[in-house]
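In this document, chain identifiers A, B and C correspond to the written order of the chains, with residue numbering beginning at 1 in each.
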Amino acid sequence: MLSFVCTIVRREILLAARRRGDWLTAQFFFVIVASLFPLGIGAEPETLRAIGPGVVWVAALLAALLSLDRLFADDHRDGALEPLMLAPYPHALLAFGKALAHWIVSGLPLIVIAPVLGLQFDLPPEALLALIASLALGTPILSLLGGIGAALTLGLRGGGVLLALLILPFYVPVLIFGTGAVGGVLAGTGAEANLSLMGALLALTLPLAPWACAQALNVSLE
Amino acid sequence: MNLNRYASPSTFYPLAGRLVPAFAVLAAALVAVGLYIGFFVAPTDFQQGEGYRIIFIHVPAAWMSMFIYLVMAFWSAIGLAWNTRLSFMMTRALAPTGALFTFLALWTGAFWGKPMWGAWWVWDARLTSELILLFLYVGYMALQAAIDDPRRADRAGALLNLVGVVNVPVIYFSVVWWNTLHQGASVSLTRAPSMAHTMLWGMLVMALAAWFYTLAVALVRVRTLILERERRAQWVRQMEHDA
Amino acid sequence: MPSASRADDALALTAAGLACERGERRLFEGLDFALAAGEALLVVGGNGHGKTSLLRILSGLSLPAAGEVRWRGAPIRAARERYGRAMAYLGHADGLKADLTPLENLRFAAALRGRALDDAAARHALDRVALARCAELPARALSFGQRRRVALAALTLADAALWILDEPLAGLDAQGVGMVQGLLDAHLAAGGLAVVTTHQSLVLDACAPRTLRVGPC
């Protein structure tokens, strides 16, 4: 079973490596979106610090959504989704493998770039640390929940926008706990409370989301 | 009475047809009673004067918006477990009314907030959760609209509904949490005037009225859905022929 | 004559009372057949009559509106993983990733079925379908017919008793058609089963395939 997950992850990484341009574009999208806010709101130091955590997190949400659209759609178009569904392993494992691959290819870069963006918003080192931690716990949740949306909207006309509409309400708790963690550090109350809540959410999502995603794949492919 | 009999669209259709006028009349009567209580019987509030009376619409609408989502989830679960077409049609039929009540709750919340606290919108925990609930309803309806195949649309919507219902407590908790963190939002629509008995009765009657209204409207929609889906069935053709 | 209990375990694909609905149309109903080792089933019918739908039901990708498919006596819904190991499905799309080479595609296809594939075996399979030269090119550089042949190579490596092929001859030239027929012959001769749809005529040496017509109700 582990080999199945590893195969899926290895293939996704290899495919992303072959399309490095696409991958880089997505990372630049993250940076551009985050940079828009100071231009729109103002770049005074207090403002920057106030909006920083929220802006980085919202940009991360949008960047994750951007690549989620193709999670199953590419394979569906190629005809490569059918062998995955027919493989002699539980469908939930396929969903988990895909979410894990998405996190490695799209989520990890966000975690690496975010502190740099945080510096743009004049966040102190402790806040940057909290930002990294909150993203480390939160981006897997984004991938897991996003997989459900990607499976439900497979092959539909509405495409990415519909996916965003469906999934963004479910992202709200992740956003709140993520920004709350950084905000807590900035306010002096610490990040533990929000990080533990985020951790609890991850623990809940990890077993349930792949199962829901598998059901959604079955519904969409029948 | 064998309830299973009514699981078939052909037997449910005439039953629904008989129930709709009864529910509609009940709803109208209850609205009249509720509004009478709300506007004439309930006393003037000590703190908020007459303007508070909008809660007789706001609170029942908010209750219904939540309740309908739960009922939808119930039918979604039944439909997915037993593959009954009628259950999915009930879910579909309830969604627009649920969205309507959510929308109504948001607007009446705004109308309440403006004279009381001077702002058209306050990021109060309850109102914010209502807003997200509206997104959940809209998402459900958008997904159904985007899928052509009725079977896939039914099941995808049901799945989304169930995922939503599991997430709603999490979302609500996180919004309340967020609200307590940002002390700026000191106004709270949850700090409603302490309830006199008549106020509570008024809201309950309005809620009941809303429920019967929902049933009536949903049953009308279900009947339309049945006709649409089963149009090739013998009994529908017979009905058309007799008409 | 094998006893009843042994017959249950024997390689056999049976379908009973299969019905299929697409949208709101009933494509077919009351479909039955039984296929034993070494036999091939040819599914024929006009366009849009449900041949692909039938194959998707047989592979387990879709649920039938009615009826049941059994593999070795057990319903395929219940024993999905065992069935997945025993069956290989080739649909309209070839299932190749355009950015990967045929060799990489073959290796991943095998890994997804839980089998390791060494380089030599992969190259040998590509050789059998006359694609040895293209082994290192990205799949998007190959023509439609060449990609189909890579998919067929994956089929030969799958070690599956049952082949379910949807239009395997589509887009192939005369040489390609001969190759497919040769592969099917070898598969059936080794005791495998095959369900095939095609618009063209399929000539098999091993046995005359049984024909199943799928048509409007």
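Going forward, a contact is a pair of C-beta atoms (placed from the backbone, for glycine too) under 8 Å apart; a residue touches a chain by one contact, two chains touch by 3 or more.
The structure presented is a predicted model; accordingly, all values stated were derived computationally and were not measured.
Under the touch definition stated at the top, subunit A and subunit C share these contacting partners: B. For the interfaces B-C and A-B, the C-beta contact count is higher for A-B.
Comparing per-chain C-alpha centres with the mean over every protein C-alpha atom, the closest match is chain A.
Using the average of C-alpha coordinates as each chain's centre, C ends up farthest from subunit A. Separating the CA-averaged centres of subunit A and subunit C is a span of 37 Å.
Inter-chain centre distance (subunit B to subunit C, centres taken as mean C-alpha positions): 49 Å. Between the Cα centres of subunit A and subunit B there is a gap of 32 Å.
Chain contacts: subunit B has residues 151 touching two or more partner chains. Multi-chain contact residues of subunit A (touching two or more other chains) are listed as 222. The part of subunit B that touches subunit C in the complex is made up of residues 148-151, 229, 232. Residues of subunit C touching subunit B in their complex: 21-24.
Listing the residues of subunit C that touch subunit A in their complex gives 59-63, 80-85, 87, 89, 91-100, 104, 108-109, 111-114, 138. The residues of subunit A lying in touch with subunit B in their complex are 148, 152-153, 156-158, 162, 165-166, 168-170, 172-173, 176-177, 180, 183-184, 197, 201, 204, 208, 212, 215-216, 219-220, 222. Across the complex, subunit A meets subunit C through its residues 3-4, 7-8, 10-11, 14-15, 18-19, 77-80, 82-90, 221-222.
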